[in-house]
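What follows is a pair of complexes built around chain A, which joins chain B in one and chain C in the other.
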Partner chain A sequence: MMNSMSNVEFLKELMNRNFKVIETDVIDKYQVSFVLKQADILQALVTLRNAGWIQMSYLSAIDWPDESKIEMIYIFMNWERPVHVQIRSKIDRKDPVMPSIINIYPGAKYYERECHEFFGVKFPGNPDYEKQLILEMWDDIPPLRKDFDPQAYSDRKFTKREYKEDYLVLSDQNSKKEKREVRKERAESLKGGQKV
Partner chain B sequence: MKQMKLFLGPQHPGMHGNASVHLYVDGDIIKKSFLLPGMLHRGFEKGMERHSWINNISLIPRVCVVEPDINEMAFAMGVEKLLGLEVPERAHWIRMIILELARLSIHLMAYGGLGGPTGNYTLMYHAHADRNSILDIFEQITGHRVYHQYIVAGGVRKDLPKGIEKDIHAFLDSLEARYEEYRDLGIENPSIVARITDTIMLPEAVVWELGVTGIGMRSAVGKAYDIRKVMPYARYDQVEFEVPTSTYSDARSRIDIKLKELVQSIGIIRQCLAKMPEGPVRVPMGRGQSMRWTVPKGYVYSPVESSRGEFGYYIVSNGGTNPWRVGVRGASYPQGLLGVEKYLPGTRLDDAALWIDTMGVCSPEIDR
Partner chain C sequence: MKSTKFTEPRKLSKEEVDRKWWEIGDFFRRNSLWMLMYCTGCCAIELPPAMTAAYDMERLGMGPMATPRQADILLISGYLSVKSLRRVIYTYEQMSEPKYVVGLGSCPINGGIYHDSHAVINQLDQYIPVDTYVAGCMPNTESVMNGFVDLMEQIRNKTAKGWIKYQENNEWYKKNQKAALGEVIIHDEFHE
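So, the complex of A and B:
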């Protein structure tokens, strides 16, 4: 616990010795991330677990529609050597399948269910990954994918209600409607847009 | 005998928040159980992707209703890690005061919540009254009672108001004076002791299987596994405090640890007020118009020790004005979902609410 930098070094050495690490990123002395091939993931998790990273902190996915990939992300923690390890791997987006890890980390069961619900990743090996968890009777594409449009879903699903734009305005003299519109336009012009 | 299906919650004195536990009981014994979340799902992870980095301040505290400050802290720390931003010294100490006041507030609330399943409502009224004084202090500091939106990337929103130290000290003194009374009302109270001793056990092997953190883990493992200790953030490495533990985890020992943490938090706040330097409290996250602030590409996980365990934000940026993905690791995810499914069967019906209360299951952070 005393020498934290050596923990990161230890992990780097452990992963590089056993697997072909595509990318390593040391975020700080308490966190390091490795990018692996999909085929290596299960073996890497077994190695990590045997090395003492017995607590699963997080499991989720990230959608990258431009590359047509879904990136799986696993985070583990070892309290004796306090480092959070991120393991990431990109899998196919059209038919995302990732073997379940509940035999290695039983706590992953519900995380995988949630991941299936929100990203559509299949987890063979997990007995009930397909059951609904949070979204009741969902009938659209998985909502955390980037091409899911909440506005369109809401328009389709719920009846449209008319709202008065100037519900705050008491008289024309005090109207700040114009000012609001200018501000809104400006905000819209600044929105989005990737800046490199 | 025939099994019967019962619902614990959403409306139940021992069920916090909007989730329900489905129980299949045979007489008094639970045979099968699972949690049904989703009644409070607000789509925050999607919502955060659609707002700019600075806009998200107003969404974040709502992820966990009773303890909003840890959300702000985790998100702010993650963004600062991505930016490589150094926070002013004074801001670190103010953040610690806020976080520990929040810990006091939720421990009081959870301790008061014990009154529900055990039928001791006096405890609940006393604890909530004291929590209300904390909310008053929050209102003076941040302008809000519940959702403070105070800790932002780059520091805190504004400096402490003048003279607030006096109010905080007065509150801490009064709480400390009432500490013994709280013990007498709750875990030393003969009518409750028999009820909470040796119920809802949590063995050490189960802790690692579920992935439970926080008080649940420390009460079973007996080691000071606290993120504030093992990987200190803010200035937790410069204050002295102890992490109470035990090796026998029943409902009583978990509540006992909660109460001992109250004393430690009081100590931390006093040290912060004494050690806090003068100076600026915020540096801007970027330059120019705040809607255009961008964050460099990267993946970062930022954990914080909440009252219920390790609470973390997983933040991915692609260099744009909005986050690409924000994932929330709710601290009560393992015990709330898998714990209810695997470890409630075999216990008694009336103990289910005790598990929810003493393990600190918080449904807003499970749903998000």
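So, the complex of A and C:
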């Protein structure tokens, strides 16, 4: 029986032996994150899968508009060695293309469609990554890009209910404000049970 | 002289007879309402206590119904995304008349906390007519029950006329649906 620190050591050793790891982040003893080059991703996933990380838990992206990059994130789980592995890689934001991983992890099919819908990442190799999944008949830039303004989209697309502003704001009237401040001062001065 | 006992009853016109039958129908209808619950929003969590022993919806004569064609009420609980609005319109148009819509929570009223979302519609009554709203985020179970009682009262007063409005102003509703949805017909891989 191995303890869980040796799992992390095993994983680090496995990744560093086979690939050029740009950055390693041991979040805790159950979570490790590796940043790889885009070209290494598919090979890394094959290696991980053969080493027992058979469950694909998640596939998503993060938009970094300042760097003009989109960061792909893959998360895998091994039930023999309980460590979640995050594989991260930054790809070009202008024309984001990431080869599909459905030959390695078939369950990624719908994750890739979702990622294409929300971030505009293309997945050649997945036969229907361009089909609509959640957003139907979307007519704007992908909505989870940081430069998408949901408020403006909502204002343009959906009718808003209009309300009459027929209320009075009584709390910032001067007369009451003064009174309130006097009251507050008096309350402060009574603190500790002693009159000043 | 003819006895008053045997005077002929006044002939009722067809409208009057119809109205009487509608009143009878409404009496039975409002005491036996079947509700189709479209529970995609978080307000649906208020329905289990309303349906089960705590508040017992059954004592008002209300029950859940699984299919739209046999249901009287369409209950929209919480926020509606654009995608589910298409399904709601399908469902609403399948229901047999008379049909009533209850909007639960503040999201069908003005968008609620999702007022600035790209996926959530803001005003349900632009797309289908709503008879009763239950405001609150989320409304507690007493107000949900109160909303149902209000709807029964509306049926009794003949003010629950959402379905007639939908017939009469059908173009207006269709125009709004098209403006927000692009197309109401559902195109997805499971329907093709």
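Odds and ends about this structure:
Here, the second predicted complex is superposed on the first by the 159 of 196 C-alpha atoms of A that agree within 3 Å, B and C clash if a C-alpha of one lies under 4 Å from a C-alpha of the other, contacts with A are read in each partner's own complex, and residues count from 1 in each chain.
Keep this in mind: a contact is a pair of C-beta atoms (placed from the backbone, for glycine too) under 8 Å apart; a residue touches a chain by one contact, two chains touch by 3 or more.
The structure displayed is predicted, hence computed values, not measured ones.
Touch criterion not met for A:Pro65: it reaches neither chain B nor chain C.
In the overlay built on the shared chain, the residue A:Gly107 is in contact with chain B alone; chain C does not reach it. Legend: residue contacts after superposition of the two complexes on their common chain; A:Ile73 is shown touching chain B, with no touch to chain C. Of the two partner chains placed by the overlay, only chain C lies in contact with A:Lys157; chain B stays clear of it. Judged by the touch definition given at the top, the superposed model places A:Asp28 against chain B, while chain C stays out of reach.
Of the two partner chains, neither chain B nor chain C is touched by A:Pro127. For chain A, the partner with contacts to more residues, out of chain B and chain C, is B. Legend: residue contacts after superposition of the two complexes on their common chain; A:Met137 is shown touching chain C, with no touch to chain B. When the two complexes are laid over each other on chain A, chain A has residues 134-136, 143, 148, 150 in contact with both chain B and chain C.
Every residue of chain A that touches chain B in the complex is listed here, in rising order: 1, 4, 25, 27-28, 30-31, 33, 54-58, 60, 62-63, 73, 75, 77, 79, 82, 84, 86, 88, 105-107, 109-111, 118, 133-136, 143-144, 148, 150, 187, 190-196. Against chain C, in their complex, chain A makes its touches with residues 131-132, 134-137, 139-140, 143, 148, 150-151, 153-154, 157-161. Those residues of chain C that touch chain A in the complex are listed here as 82-83, 86, 109-111, 115-123, 126, 176, 179-183, 186-189.
Note for the complex: chain B touches chain A at residues 37-38, 41, 43, 45-46, 50, 52, 81, 208-211, 213, 223, 225, 230-231, 289, 291-292, 294, 298-301, 303, 310, 312, 314, 316, 318-322, 324-325, 327, 329, 333-334, 337-338, 367.
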